[in-house]
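Taking it in order: structure first as structure tokens, then the write-up.
In order of appearance the chains are A, B, C and D, and numbering begins at 1 in each one.
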Amino acid sequence: MNAFVAKDELPQSVPATNSDVLLRVDNVSLAFGGVKAITDISFDILKGEIRAIIGPNGAGKTSMLNVINGFYHPQEGTITWRGSVRSKMRPYEAASQGIARTFQNVALFKGMTTLDNIMSGRSLKMHRNFFWQLLWRGPAEREEIEHRRKVEDIIDFLEIQAIRKTPVGRLPYGLQKRVELGRALAMEPELLLLDEPMAGMNLEEKEDMSRFILDVNQEFGTTIALIEHDMGVVMDLSDRVVVLDYGRKIADGSPEDVQKSQAVIDAYLGVSH
Amino acid sequence: MTGMADTASSGGDTFPKILLHNAKVFEDRTAVREKDLGIWQSWTWSEALDEIRVFSLGLKELGLKPHDKVAIVGANRPRLYWSMVAAQAIGAVPVPVYADSVAEEMAYVLGHAEVRFAIVEDQEQVDKLLSMDEAVPTLERVIYDEPRGLRDYDHTKLHGFTDVQDIGRGLLASDPGLSSAWEAGFSEANGSDLAVMLYTSGTTGRPKGVMLSFDNLIISARNANAFDGLNETEEVLAYLPMAWIGDHVFSLAQAFTAGYCVNCPENLDTVDVDRLEIAPTYFFAPPRVFEMLLTRIMVRMEDAGRIKRKMFDYFMGVARRAGEKILNGEQVPLSDKILYTIGEFLVYAPLKNRMGLTRLKVGYTAGEAIGPEIFQFFRSLGLNLKQLYGQTEASVYITLQPDGEIFGDTVGKPAPSVELKIADTGEVLYRSPGVFVGYYKNDEATRSTKTEEGWVHTGDAGIIAENGHLKIIDRAKDVGKLTDGALFAPKYIENKLKFFPNIKEAVAFGHERDRVCVFINIDLTAVGSWAERNNVNYASYQELAAHPDVYRMIESHVDQVNRDLSKEPMMAGSQIHRFLILHKELDADDGELTRTQKVRRSFIAERYGPLIEALYDGSTSKHIRTEVTFEDGRTGAIEAVVEIRDLAPHAATGKIQEAAE
Amino acid sequence: MLYDIFIDPFVQMYQMPDFFLQVLWEGFVAGILYALIALGFVLIFKASGVFNFAQGIMVVFAGLTLVGLHENGVPAYLALILTIGVMGILAYSIERVVMRPLVNQPDIILLMATIGLTYFLIGFGEFIFGGEPKRMIADELGLPTGSTAFEFGERGLVILQHIDVAAAVIAIIMVATLGVFFNKTRIGRALRAVADDHQAALSVGISLNQIWAIVWFAAGLVALATGIMWGARSDVSFALEIIAFKALPVLILGGFTSIPGAIIGGLIIGFGEKIGELYWGGLVGGGIESWLAYIIALIFLLFRPQGLFGEKIIERV
Amino acid sequence: MFYREAGQYKTSYEADQALFPIRQDLVGIGVILLVAFVVIPLTANDFFLASIMIPFLVFSLAAIGLNVLTGFCGQLSLGTGAFMGVGAYAAYKLTTIFPDVNVVFLVLLSGFFAAFIGAIFGLPSLRIKGLYLAVTTLAAQFFLEWCFIRIPWLYNYNASGAIEIPKREMFGVVVSGAEATPLARYFVVLSITVAIAFLIANVLRGRIGRSWMMIRDMDIAAELMGIRPLQTKLMAFAVSSYICGVAGAMMVFFWLNAAEPSSYSITLSFQILFMVILGGLGSLGGAFLGAAFIWILPVALKFIPGAIGIEIGAETVEHLTFMVVGALIIFFLIVEPHGFARLWQIAKQKLRVWPFPY
């Protein structure tokens, strides 16, 4: 770590003991055909916290999430997940290890209902093989119902009972985002990555969503990393914030510290907001 | 007409006793369902008994004593209904409270009732109650149904419903004799004991706690069941506030005495779907629900294709002509009978199906006058919709319309065992087994409402028509006089206005003034849909309300009302001379409506004083600034310039001899 | 066995170079014709994103119209002009009746529509011209016939059919013309704009409908040229429709949107097919021409899914 | 209008997740099955059974097979005909090698060969999508067709190059070969089709069906939910090909009696694809509707000129049929690109909310 090199004016996060660190990113760099999306970024996510990743447009936030859940493979750097250094892994492996996420532009399964979309989050937990599925009656049906119960709890939790059997394509945007959160929750993840969960929402929807995120964090103890543009929301929700700009980390610390950081202020003034 | 039902023979004279009886007699019949987690979770009568027993034991262990008051706060949920009976089994008195009332209102009620326990739905209610420490010093324990979000709360005063049940279950497991001891505990109670306390929202002043005994509720319920032939096969949907006497009688008293099944909807957004799924056989709704249903039918039919709309209009014409007669068993031409049968297949049955009223045996509406056209609409579809007239103080039933004797403008004949008389002032008085014990801690009010002989003042002015049916004109105290001496019954006028789907609320003024003027509140759904069809653009409610085209439309409605009034000798003098359309919706949160959506006349008069002034000083528009409360409790102000329109009254045409009616 | 596969064919190539050259020439000509059909596909795909399955039947239809008109006494050159007119009307009708109502539908629906179009044109063509094969009026159009034999080496002969030479020349001319058309003319540039961004094209005031009619017409002309060439080599019959399928591997190789890709892909498939058939086909009973192109394309796809000249697809979430 | 759903409430997840949760649908299906199993056998003549119902059912099953792959898993395939051929040739070989084994069993077994071949040709789907994938399935089509011609062992070295189905009995009734009555064949075909349709409906509403649809709707999101793309796609290829294989075997065993390689040509692939598209991608019921449209319509068209008293040559009728079918395909794609199933869905929705428009 080169924490001393001309960075001492940056707010640094409190060093955490290893056992509390759920995920650590060390010196990760990612480039697409020569265009650098992420340059030498390091930070960690502690168990049970809400970690915000903020930064101006094009700062590399989404790329960072894509690296974490294995969709992109960084050219340099390592990712330590639950104490073990992770080699290259496919997204479905990340999913099976307890990383779930939502997307900036809602990525629901458009042809399916709300219920089926959330059920799809249970895919990894369901195991009945093809031949039981053919029969349906018996083990396959029992398994389906067992998971349906859990999904119904989520539907109840997110207060989307009224749209349970509605194809998601017909839902307004705010509700789609909520369903997507439900789908991610259905995976019972250890780490939940939220990519701009409140983008395009009105004030009321934002408040609802903030409440859900906090509830998820508190009720289920889920660790959350979220990208968000609304600074108010970030300050209210998150325990710690990491700030990116042009693919580099420019600040890391508590919301209050980050807000005071000159580098952050410059970065945000540099773009129209 | 059936006589007074025998209390001892069928089940018992208190709800806990009836519960024991039902658990034995109806055992595996479904007692209650709740749409929860996507399906209708069901409990049989014997399961309900088990649930109630363990909860009751748990309550006792937590220190609930006889005569304690227990607040019940929340939406219709099986557990909350059970809580009432569980409390009654210990001798305590449940006090259901309107869940949507603001903290201050609720604090008054709970403080007045001196509740020791509160059983509530969820975090929202818990927060509300916990904030009332000072206003309700007696409150010792809060029990919640829905644990979500409450994990980190201090649980010294707070208990989960299931935790309380677990306490009871634990006790029961360690001492099997406890069950019979529990039953013995309420075997001594009898019908004259206090069953429940319901606070009436009241159009004026503080709410009053109406004390009702088991006899009040159970005898009234049994009479009503006998009157309409209700039995254990009925299905009802419990969706009206639990603190309201109607729900208490329909979803608890009558359900227990008849043994029928009560269905609790998933949440308020899904009531329509839930009603469709359950298809209740016995359905109660205030007029506004029927109005809403009708408005929605009409709005949706506007969007239908031409052929379909033609078909709909044609068969609705047939229904208007013949439907009610067929329902009443009167003679109709064969052609109409055939057309009605076709219409039943093409229109009526599908409509009833969409509303979830296919299996309806009896439907009631009450609380306010229902528009004759709305009433007729539903009846002409073949739905046995009837009106009743009731009060909390009467355990609902005062008058009922018997099958086959339905008149749109009357509220029916006295219910079984109810005596009725009209006082000299025109006020309706009644005496019945359902008459309440008294107002809690308010003897003065009790004395002024209930006479020594047991007659109760309804506060409504009415007349008994020749056919023995009661006709309500207005609140007794609201009936006033214009300066020229003409009778002014504001509600009568307002109701006539409100029968137009475009008009949501109306407030008439005229007492001790020279002429009648009204405020009008447009119905956003109906007018919005009209605007869409007529290419009227608007950005807000306020803009729509002030739109000249809307004014023109409302003016024609008002004129129509004047024409109607002019035909009634007693009312011809109170035609509307001027009106305005309010720039905001009247709202319970702003105190303009009661929680049951009735207008609070005096409050509105005060709040919109400048507008009333303008109505009578001849000006054609007026600027007004109004404080409003938003849903989240914040307050703000909206301003508008409201236009006032004049109308020319019609000449009176009614024959004078009818004035006697 | 291994010898037969890995060594013997090359030995043969070396030992009989004249035969090898002949095979190469055959492959070249076939490749040119494949490229012509692929060109028709590319034109339409580039401008409208439609994978036009009917290109094959358009070839047949154009050929049949030409021959049919001549049979009914229309002079050859007039028939050619009239056929061009017919292709214009066809293009306009397709744009009007099929493409316009289906705008913005998913790819597969558009593909299906062109297959429906194929059915219709088969029925229509047979209804008017009958189902029997017809002889192409190559002579009447002044196309060269006959062949020239070149001596090669000591004892070999390479025979060039004149019509093949003409085909190659015409194909090259067409490609050049199209190249000029796309790069130098206003409409051509508009077409490219459409391919890149529909919205952008609209914003510069170009009517999409016009453009589609034009590309379908252009594809119709390519089809006519293909029909004449292919018809002169064999006959004009509905069997020609099958060559449409041959264009698919060509497109895979060349990329769906690249004109040079279509040419090079066509040549690779043409060479590959002939060489494969003649040197390796016998080992497995012959007739491998029918699928070899696909296997080549398939293997190719596994390594370069976007084709030779296609753009790399970066997946984003 | 006919849907009176009021009062149909579900008290268990079993009931809520039933194949036909609406009572009227259940009754409708019951009526259809009754007609298929009782009324048609009692009333239909041999021509109707042999030339309309049997091919209709065979094509329906094939369309279900392709629908699994294309409609539910989103992988476009043009090789259906060949996969059907694999089933047909496999069943033929099996019955020649094991003449005593029940022929229906062998037909069902032959699907596994098709499934295996299908899975192999599904391998490229990991890297290739959409139209490109369609082209690779064309490779399967042409390669397999070539195999049917060039490998004489497959057709037992018959001089004609075709496979001819021998006489086979089941429970003492001749079900295949020239002697089998249309009625016996009809029952076998109907039973197999209904059984497979039912079983596959079960798969589609469960975990596996959902995973296919996840891949179809958004493969990236699916992968991030823990779905393994290759496994899932290969399974869809295998299941799809199994069903197509069985349909292909039924086609020659219970309908055509003999088949040449050209019976399983690209034309068949397109025919099945049309059935799926016009029927409605992602709908089992649509597969039946599509099959009915593509198969029964041309048959019906052939009779129309005669029926209205116009004498037209058989060839002309053939040509006109092509034109009309082609035009109708385009017409339906324009009117409702999501197929008859969507039309039915819309109609059903209209009936459910009748008399309201929504």
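Following the convention adopted for this analysis, contacts are C-beta pairs under 8 Å (C-beta built on N, C-alpha and C of every residue); 3 or more make two chains touch, one makes a residue touch a chain.
All of these numbers come straight from a predicted model, not from anything done at the bench.
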Chain whose average C-alpha position is farthest from chain C's own: B
Can you identify which chains form the pair with the largest number of contacting C-beta pairs? C-D
Whole-Å gap separating chain B and chain D, where each centre is the average of the chain's CA atoms: 57
Mean-CA-position distance for chain D and chain C (Å): 33
Can you give the whole-Å distance between the Cα centres of chain A and chain C? 50
Mind checking the centre-to-centre distance between chain B and chain C? Centres are C-alpha means, answer in whole Å. 77
Of all the residues in chain D, which ones touch at least 2 other chains? 13, 220-221, 224
Tell me, which residues of chain A touch at least two other chains? 71, 103, 107, 148-149
Could you list which residues of chain C touch at least two other chains? 317
Hey, which residues of chain A end up touching chain B in the complex? 115, 148-149, 152-153, 155-157, 159, 161-162, 164, 215, 218-219
Looking at the complex, which residues from chain D come into contact with chain A? 13-14, 17, 199-200, 202-203, 205-211, 213-214, 216-218, 220-229, 235, 239, 282
Residues of chain B that touch chain D when the two form their complex: 33, 38-42, 276-279, 297, 300-301, 303-305, 308, 311-312, 345-347, 349-359
Contacting residues of chain D [partner chain C, same complex]: 76, 124, 127-128, 130-132, 135-136, 138-139, 142-143, 145-146, 149-151, 220-221, 224, 266, 270, 273-274, 277, 281, 315-316, 318-330, 333-334, 337
Of all residues in chain D, those that touch chain B in their complex: 1, 3-13, 15-16, 353-358
